[in-house]
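Every chain is named by a letter (A, B, C, D, E, F, G and H) in the order it is written, and numbering of its residues begins at 1.
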Amino acid sequence: MIVLNGEQREHGAGETVAGLVESLGLPAPARGVAVAIDGEVVPRAAWETHAIPAGASVEVLTAMQGG
Amino acid sequence: MASTHADAEPLRIAGRELNSRLLLGTGGFPSLDLLADSIRASGSELVTVALRRIELPDAQVGASGGASTNSGSRGALVDVLDAEGVEVLPNTAGCFTARDAVITAKLAREAFQTDWIKLEVIGDEDTLLPDAPELLKAAEQLVDDGFVVLPYTTDDPVLARRLVDIGCAAVMPLGAPIGSGMGIRNPYNIALIRESVQVPVVLDAGIGTASEAALAMELGCDAVMVASAVSRAQDPVAMAAAMRSAVVAGLLARGAGRIARKTYATPSTPVAGTPDFS
Amino acid sequence: MASTHADAEPLRIAGRELNSRLLLGTGGFPSLDLLADSIRASGSELVTVALRRIELPDAQVGASGGASTNSGSRGALVDVLDAEGVEVLPNTAGCFTARDAVITAKLAREAFQTDWIKLEVIGDEDTLLPDAPELLKAAEQLVDDGFVVLPYTTDDPVLARRLVDIGCAAVMPLGAPIGSGMGIRNPYNIALIRESVQVPVVLDAGIGTASEAALAMELGCDAVMVASAVSRAQDPVAMAAAMRSAVVAGLLARGAGRIARKTYATPSTPVAGTPDFS
Amino acid sequence: MIVLNGEQREHGAGETVAGLVESLGLPAPARGVAVAIDGEVVPRAAWETHAIPAGASVEVLTAMQGG
Amino acid sequence: MASTHADAEPLRIAGRELNSRLLLGTGGFPSLDLLADSIRASGSELVTVALRRIELPDAQVGASGGASTNSGSRGALVDVLDAEGVEVLPNTAGCFTARDAVITAKLAREAFQTDWIKLEVIGDEDTLLPDAPELLKAAEQLVDDGFVVLPYTTDDPVLARRLVDIGCAAVMPLGAPIGSGMGIRNPYNIALIRESVQVPVVLDAGIGTASEAALAMELGCDAVMVASAVSRAQDPVAMAAAMRSAVVAGLLARGAGRIARKTYATPSTPVAGTPDFS
Amino acid sequence: MASTHADAEPLRIAGRELNSRLLLGTGGFPSLDLLADSIRASGSELVTVALRRIELPDAQVGASGGASTNSGSRGALVDVLDAEGVEVLPNTAGCFTARDAVITAKLAREAFQTDWIKLEVIGDEDTLLPDAPELLKAAEQLVDDGFVVLPYTTDDPVLARRLVDIGCAAVMPLGAPIGSGMGIRNPYNIALIRESVQVPVVLDAGIGTASEAALAMELGCDAVMVASAVSRAQDPVAMAAAMRSAVVAGLLARGAGRIARKTYATPSTPVAGTPDFS
Amino acid sequence: MIVLNGEQREHGAGETVAGLVESLGLPAPARGVAVAIDGEVVPRAAWETHAIPAGASVEVLTAMQGG
Amino acid sequence: MIVLNGEQREHGAGETVAGLVESLGLPAPARGVAVAIDGEVVPRAAWETHAIPAGASVEVLTAMQGG
């Protein structure tokens, strides 16, 4: 299990950030998207290799109209 | 003619040149079409965007990889801004601590491939006023990390100078609380900020109508940022056009050297040569 | 774009259409060249002029008929206005009685072949404020005599309505004393005048800078008249351009339906979807 | 003698308004010029025929930058 | 101490001396008891009353001569004012023409045995603003008829001087519409009125709270009239006391010669002798 | 009567009760006699003093022990304050760092045997505006050290709440720069501060005249501090009396529940029963 | 008939102002009361003798709390 | 030598704060006076015993009219 954007989600072992992002319907290059795991930014260059640890708190963010 | 004159003096922030003195927030527009039309009417070349969580698909996340609406809506905003040819200025709206603001800024850098950040660190939920010490802390960390920092700040001239001393590329003092439409509550302080710092001053927050945007420029601001004033007006496109003219008017007026204020009248028609019909 | 929009809604006074919402006074300009350039930069289509005594030749008047400089200077002003293609609005500046104002208006009609008159009847030398009863008396006589009367008046809504009841084609309430640059001292009354009458309201006197002209339009005025604010600015042409943009901005903003004023903040960035980095 | 724009001036008997205006260096049509005698406007159409009476107070006015 | 000082300089209107600078309207009080208590708390020595139709008995008028409630209510007001030892200043509230105001003034003279009249001639039902020409006409007739006329007028300095030229004993310019609580919309004009006339200036109408009454005195007014601000406050007696202190404060402050306004700071603690702990 | 009422509600700061809502600075008085008279006229019970270097005797310091004027002048100020029976509130005027302010506060504690300190940490020589981060740092240290801290602060509501969270006994937001006489530049923020904190709010700096002191109280302040406004007025004693009445007036008015502001008029004289003379 | 304060009322022939005022429950000296007939003030001194003509418009006014 | 209120002064070995204060014409209890040495406050209770070291920077302060 991980916490994704505040919700409990199942979690496939070895899943990478790139895999998660694509599974959310955001195919590469996913412009305007950014990912943090446990309060740390995951740079785009590391998405392919960065495996999401079990129990992680993951935030997947995107551009939103704002002030 | 007027706009030609004003366009001739571009605004420079951290080496970037902007021909428009208007920054536009993208929040609050009823539709992306109205956003696009308003950007065009405003003439703005720099617009703010926020980062928020993507909407999760209803289905289980994981192997299945269900379809999602994210590509549509997300792409739409970025695509609109691309189509209008404007630069994106991400903000850290909604952050109440330096830590959250710094993380958000770094995420924005990844998302938008820009070092520019409109830094907001809020200290109060009701007024959305900035929190001075957390703002300073976040600004310091982000400047150290190579960001071009444009902090949303109070109208305190001393705080503005401290932010500039830290290395901020501009300061964005508020006229009144965000979305309040209360105008510039303390024009005096805005003028003092102008005297206190050497970087661009961008009046941010509080503007409700065109005359207030013109006043901001007359007080010495280098640009004006508007969001709700345009996006929540009954006719956003018309208000965007109004704001465009207003900042041009204010900039021209400041450069023109206005007449002094006097208690009594000065005839605009000479007294000499007045006839006598008695 | 903005000006296109604004130009689409011409001002109508007594059947005449004006695409510009700016009236320009010709007094106070350092030179006729600066007047001409300022008219062009302002976009104004209606400018005021006064009537004053010609300069007498030094020599004896009579059979000899000595040369004079009158042809030069006099012609120059009229020629400049002709060349710029603007309409002339004669005023009765300097008149302290209804009688003098009426005679002056009639002379102006002869001189400029126009029925239009900006009616000024002054009640005080220091403030150049209007004299209500003499103004009413003069307005009544001139309306009866077929003039199109645009009275320079106080910001009193009741007086404005009386002038309109008499038959004035517009009212020109003051923001502050002539040439004072004090802006609009009582915006509240200007808004009340707008509600009180059905004819065009032209803010006259007191404007010092662009934001004040924009404010006048936002308060509901149909046009703004400026003289010293432009002619005595350090750079009259730039200020003329500023005023042009300002009235466009104010008119657009009024039409756009501004957001309401609120004591507290309203986020321009939605709170929903705010990430949690804890 | 007449009073012309506040100054005492000699006055030729039978002088018309048109004559006076021209003598002041303002040849016809003298655009932007207007004349009052003893507080009454003299219409342009009457300039040629209107003789200035002795002792009259005459105002000859012209366009001036103003308000 | 303060009040002693202020009491030492009585206000003089038409030969009458008033130790209090506050005039109180009697309208709007929830009860006569609260009126009486408020008069006492205000320290006012001059209060306004209106004339209105008596209530007719339900029974047939004529020989029968049925009992009525008039003696009670009518007597009560006059009795309260007698008991408080205040002078009565009748007004012509509700009159829209010079004729009605003049008749009302004459009736008031019969009813209250006083030549003093607060002259109101209204020109607009929504704003209750004065009608300048009717006001002048009524003032002229009443002055000729021997009245001591205190006209409720606009904040127009020229109109004020005309009223004084006619022979009015004081002028009572408005700060804002009656009962609006909008304060003094144009302090500038009130100060100009003070310079324009030699008779007492009593700020009338618009005052909503104490600081505005103090400001009126600082601007040069000789007294302040309040009605709704007191009678319709949640606690009329406390507001009456507040107004009393406020006019004393404003009068003292004007006499004390305030410091000039400056853009920058002036230390109130000397810099010389500052220690060095480095 | 008014003052009796107001005196009945004492101000409480850190357990001390003050019957007067006025704090008086001792700087700027032309003489100690005028200071003494002004204290009496003001009714203030708490006055600020600074610490500065004693004047050194001209002679060599050491064994000889030459005479000095210190006993005279120094004693005089303390003696005057003793004689007037007022409490002393030392300030840290002139300190530009938290460190200097903390040392100065500790010295003041030794000199005056009081734990109370008006904490000033200045960030700019021209405006004497506070430096937010240094102020917070100094406040924290002094609260930890047992001081009763009353910080001179900006009108930023978030900063005010942070100071209170640290443990300050009151906050003293500025209306305008020290000694400027510019009044309350942002009444809106002062009202927000009142809503933001639970401790007393003392309006400090900027007040120039009585109406502004009354306004401060109406906005919700618990007390007002004045220095230059009194000491540098042409007649300090009269201005002290004016300020005394003004804070009473403002406090009473706030408690009385003022009428709402309205755009249009509300008759204070009823319309019913208006006669018809036609 | 007369019009009294806007209402039709019967009218006794020869009734004086003093009589009318007293009939309204306002005994002499009726302080704070004033009377107009057909737009003209009737002075107190004339109340006893002034007879109200038939058809008159009569206003009887009194002190009221006001502005 | 010491620096007293910014000025160079001679200094008697063993001189106490109390001695210095008295020598400045401020006899005990010297109300309204406070002393700092090298940026540290010297409490009144220690004035009698606190000897001023050579080279010290001494600030002797007193009440002054102020904001």
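Following the convention adopted for this analysis, a contact is a pair of C-beta atoms (placed from the backbone, for glycine too) under 8 Å apart; a residue touches a chain by one contact, two chains touch by 3 or more.
Remember, it's a predicted structure, so these values are computed and weren't measured experimentally.
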item	value
Neighbouring chains common to chain A and chain D, by label	B, C
Between E-G and E-H, the pair joined by more C-beta contacts	E-G
Mean-CA-position distance for chain E and chain B (Å)	48
Computed distance of Cα centres, chain H from chain F, in Å	30
Whole-Å gap separating chain G and chain H, where each centre is the average of the chain's CA atoms	92
Junction residues of chain F - those touching two or more other chains	25, 27-28, 50-53, 91, 93, 99, 103, 127, 129, 178, 182, 188, 227-228, 263, 267-270, 273, 275, 277
Of all residues in chain A, the ones touching two or more other chains	5-6, 36, 39, 59, 61, 64-67
List of chain F residues in touch with chain E within their complex	1-3, 5, 25, 27-28, 40-41, 43, 50-53, 91, 93-94, 99-100, 103-104, 126-129, 177-183, 208-215, 218, 227-229, 231-236, 238-239, 241-246, 248-253, 255-275, 277
Chain E to chain H touching residues, read off their complex	267-270, 273, 275-278
Complex contacts: residues of chain G adjacent to chain F	5-6, 36, 39, 57, 59, 61, 64-67
Parts of chain G lying in touch with chain E, wherever the complex brings them together	4-7, 9-12, 15, 20, 22-27, 31-36, 39-44, 59-67
Chain B contact footprint on chain F (complex, rising order)	123-124, 127, 129-133, 136, 154-159, 161-162, 176, 182, 185-186, 188-189, 192, 196
